[in-house]
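Next come two complexes, and both contain chain A; in the first it sits with chain B, in the second with chain C.
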Partner chain A sequence: MIAYYSLFKIRLLHGFQYRTAALAGALTQFFWGFIYIMVYQAFYNSTSTPQPITLHELIEVLWLQQSFLAFFVLWLRDNEIIDHITKGNIAYELCRPINLYSFWYAKLIAQRLSKGLLRFSPILIIAFLLPYPYNLTLPDNLISFILFIITLILGLIILVAISMLMYISIFYTMNGTGSLLIFSLMGEFFSGMNIPVPLMPHLLKTIVYILPFRYCSDLPFRIYAGNIGNKEALISIIIQITWIIILFSIGKLGMKKALKNIIVQGG
Partner chain B sequence: MIEVSGLSKSFKVAKRNPGIISALKSFVHPQFTTIQAIDDLTFNIKQGEIIGYIGPNGAGKSTTIKIMSGILVPDKGNCKILGYTPWKDRVNYVKNIGVVFGQRSQLFWDVPVMDSYNLLKDIYKIPEKMFEENLDLLVSTLDISQLLDTPVRQLSLGQKMRCEIGASLLHNPKILFLDEPTIGLDAVSKIAVRQFIKTINKEKQVTVILTTHDMQDIEALASRIILIGKGKILLDGNLAKLKNQFNSQKVITIDYSESNEVINIPGVKLISQSKERLMLSVDTSIIKISDCINLLSKKYDLLDLSVDSRPIEEIIVSLYREYQI
Partner chain C sequence: MKIYFKYLKILIKKELQYRTSFILLAVGQFFVPFIIFVGIYLLFLRFPNVGGWSLYEVALTYAIIHIAFSISECFGRGFDVFSTNIKSGTFDRILLRPRSTILQVFGTRFEFSRIGRLLQAIIVLIYAIYHLNIDWSIMKTITLMFMIISGIIIFIGIFMIGATFAFWTIEGLEVINIFSDGGRAMAQYPLTIYNKFIRKFFTFVIPLGTVNYLPLMFVLDKVNENKFIYMLTPLLGILFIIPCITIWNHGVKHYKSTGS
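== the complex of A and B ==
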């Protein structure tokens, strides 16, 4: 256990040293946030029927999405692991008395945490200072806030487990770009990054609720915005935990199978 | 300590001829050939030995090392090392071994070396005291004290390799696998690495299995060599014996004060002769070197004399030729 923690720590602290990257990232996210808000404001202005999510709630979701981007986008990748698999450096990782799945998992979650923690606060602070309805406000009650934190953390755990499946798939495809594209496109769409989940047509919404992707971003952010009540939130936490168990089992099994057939050529 | 018997492994390799048409053809119907990387290997290694595992490129050296270090699963055959079967009991087994792949890196490239060492300490659960002792020994013998605080990406190849070797020995492994550890190193680093391997072998009784193309490595380190070609063991024996077997030829060079004497000794072939210098090739299976020198000293007024063996490179080349690999 200590080895995984140690790796987690190294990677976390290491991530913190990239300050300029964090600042640039925060600025980009801020810019994107404004674009999305303008698009949705135009959309809300052109309709008089009430929507399943109010503009202000949606804006809150958008700001949270932009702040915690590193927690749930699948295009964020670790080139080192991809190189390990495609170029054969995995040989060294296999000479260690460690479980490779847990080892990579610790590394990936540390990277996302350090990226996320460095970036979220500047965006949130500015979003709080904006005038209504463009601003971010505190949740209605403390319970919603606690539920938001819990679902956000569980969501991160789910997301890293999904990204592990992506890395494992590279053992078979031998192509980081291909696996990455499929996973990040699916993730982006089904987690409501392109169309917010409440605005989706009924059938699509059903599909989205079956898949794990929305439980990483859509769920915690809508809990925060008050669009999802505390009772639904509690049920969703159970679904999150179920997904974690399922994804871990698939990942560990897939890794075991991949390692059995591994070939390390050259050198 | 290491028992390998009947080990075999083959790889499937995609094959197609160059050109557009054959590219299309292989798109529809890909063709594969099977390459037998290693074929029925059997050998035993005792504790404390340094084995030079040699063979031309593509002979199967690295594949063997990778199977023995638990990375690859062989098609068939058995391998018992320290009581473990490497690929079945990988996590428990690899605690006892250290591995260096000369062409790959095990250190994190963007953090200081010491961070990687500390991580290894946690991975192998090395007790504080043992870690410090080992670190002291490694730092002094490998001369890496100034390098520990530098990120790996800023080290030169030789510095990096010394740190890599250090990293593979922090946990007191009983067996050390070195896959081309001196590749690309300068003379000074090479000697430092060799000296170090000798030291740990002597002081800690570490068994070393070394693959290399550098015959000086073999000559400096290996007490026994295993020659492999096309996946099969061709020769397994100690270096001195091999040298004698293929090295009955010695070259004597003498300088003398002017003379026109002509020599005629059985078993001795003239390579070149000038007024003051003579080079002879001596077949030691016919005449002993000492006898030959005796005869020469009677005929000439000797000023200088040297006896050279055929360099080990040549022996290996003639070995490769003999086995047609």
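== the complex of A and C ==
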């Protein structure tokens, strides 16, 4: 356990070095947030029928999405691991007396955490200072805030477990491009990045609720915005934990099978 | 020009060597933007219009911008990834040759896989035109053509400015994505739906508006007077390339090799 923890710490500190890049990134993210807000505002202005999520709640979700992007986008990838698998350097990794799944998992989660922690604060600070209705406000009660933090962390754990499946699938396909493509497409669509989950048609929403993707981003952000009540949030935490167990089991099993059949062809 | 086609031939051959990878990239280029359109379509199931524009009108705007963007990325990718040339010092090699630097940078990259993005945009274009009741005239067809051509040139201009920055910063700047990717994301809707400041900036500074809502108002018969001016706006947008080339040439003069 100590080995994984120190790797986690090294990677976290390593990630914190890129402060200027993070600031530039935050600026870009801020601009994207604004585009999305203006588009949705124009859509909301076209009708007076009440929507399943109010414009202000949606704006809060959009700011949180931009701030915590590194916590839930699947296109953020680690090329080192892909190279290890496709080029055979994995032999070195296998020499280490550690569990490869946990080793990579610690590395990946540290990367996302450092990226996310560096970027979220500048965006959130500006978002708090904006005038209504473009601003971000604190949740209505402390309990929602605590539930937001819990679901966000559990969501990150789920997401990294999903991304592990993506890397493991490369063992079988030997082609990084294809696996990455399918995972990032599904992730983007089913997590509500393209169209917010509450605005989806009924059938699509049912599918989205069955899949794990929305539990990484949509759930915590809507709890914060007050669109999901505390009771539903508590039930969702149980679902999140179930997903973590399922994804871990599949990942470890898949990895074990892949490593059993692995052939490293010298060179 | 002849030399450019030679570059292209070599690059296409190079890309087709890795066929599976190429096909997957093209498929990705098809689906990644396509789910954006699916998102727009689903939003219109819930909302009647966006800033007064209907689904099919937005689809037309989307298609034109994505066609222009995919073609400019296909040919202008050399400028988009230019900072790597500065870092590794390969730009010195370009300077040594007795040909224009712009032509040679164009020739460094050719992203044929962007055909996927182009294809999805053409599908959306057909879908939009099929559903819109436009009285097609020669003038309107020409305007549409001009919108696409002008769009390609504007995006290439943006890539060139981004590349020029690399002469000073050496690293590529993520911020320039605001204008290339951000501009594309924004201009896939008619710009009138945005805040006044943004609309003016993207009409008068980076003239994406001239391939977006201005000529569209003529194509969709939303203006009655001064039609001619609306029709000609895409041509004004093309002028954007002139300052871009000037800035580029200025940058080349100031170039100091990194020595690596």
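General observations
By our rule, the second predicted complex is superposed on the first by the 266 of 267 C-alpha atoms of A that agree within 3 Å, B and C clash if a C-alpha of one lies under 4 Å from a C-alpha of the other, contacts with A are read in each partner's own complex, and residues count from 1 in each chain.
To be clear about the criterion, contacts are C-beta pairs under 8 Å (C-beta built on N, C-alpha and C of every residue); 3 or more make two chains touch, one makes a residue touch a chain.
No experiment lies behind these values; they were computed from the predicted model shown.
Of the two partner chains placed around the shared chain by superposition, neither chain B nor chain C is touched by A:145. Of the two partner chains placed by superposition, only chain B is touched by A:14; chain C is not.
When the shared chain is aligned, chain B comes close enough to touch A:91, but chain C does not. Residue contacts after overlaying the shared chain place A:28 against chain C, while chain B stays out of touching range.
Of the two partner chains, chain C is the only one that A:47 touches; chain B does not reach it. Of the two partner chains placed by the overlay, neither chain B nor chain C lies in contact with A:134. Within the complex, the chain A residues that touch chain B are 2-3, 5-7, 10, 14, 88-92, 94-99, 260-267.
For chain C in complex with chain A, the touching residues are 20-21, 24-25, 27-28, 31-32, 35-36, 38-39, 42-43, 45-52, 173-175, 177-178, 182, 185-186, 189, 193-195, 198.
Within the complex formed with chain A, the chain B residues making contact are 11, 62, 66, 69-73, 90-92, 94-95, 97, 99, 101-106, 108, 110-111, 115, 118-119, 122-125, 179-180.
Of all residues in chain A, those touching chain C in their complex are 21, 24-25, 27-28, 31-32, 34-35, 38-39, 42-47, 51, 175, 177-178, 181, 185, 188-189, 194-195, 199-201, 204.
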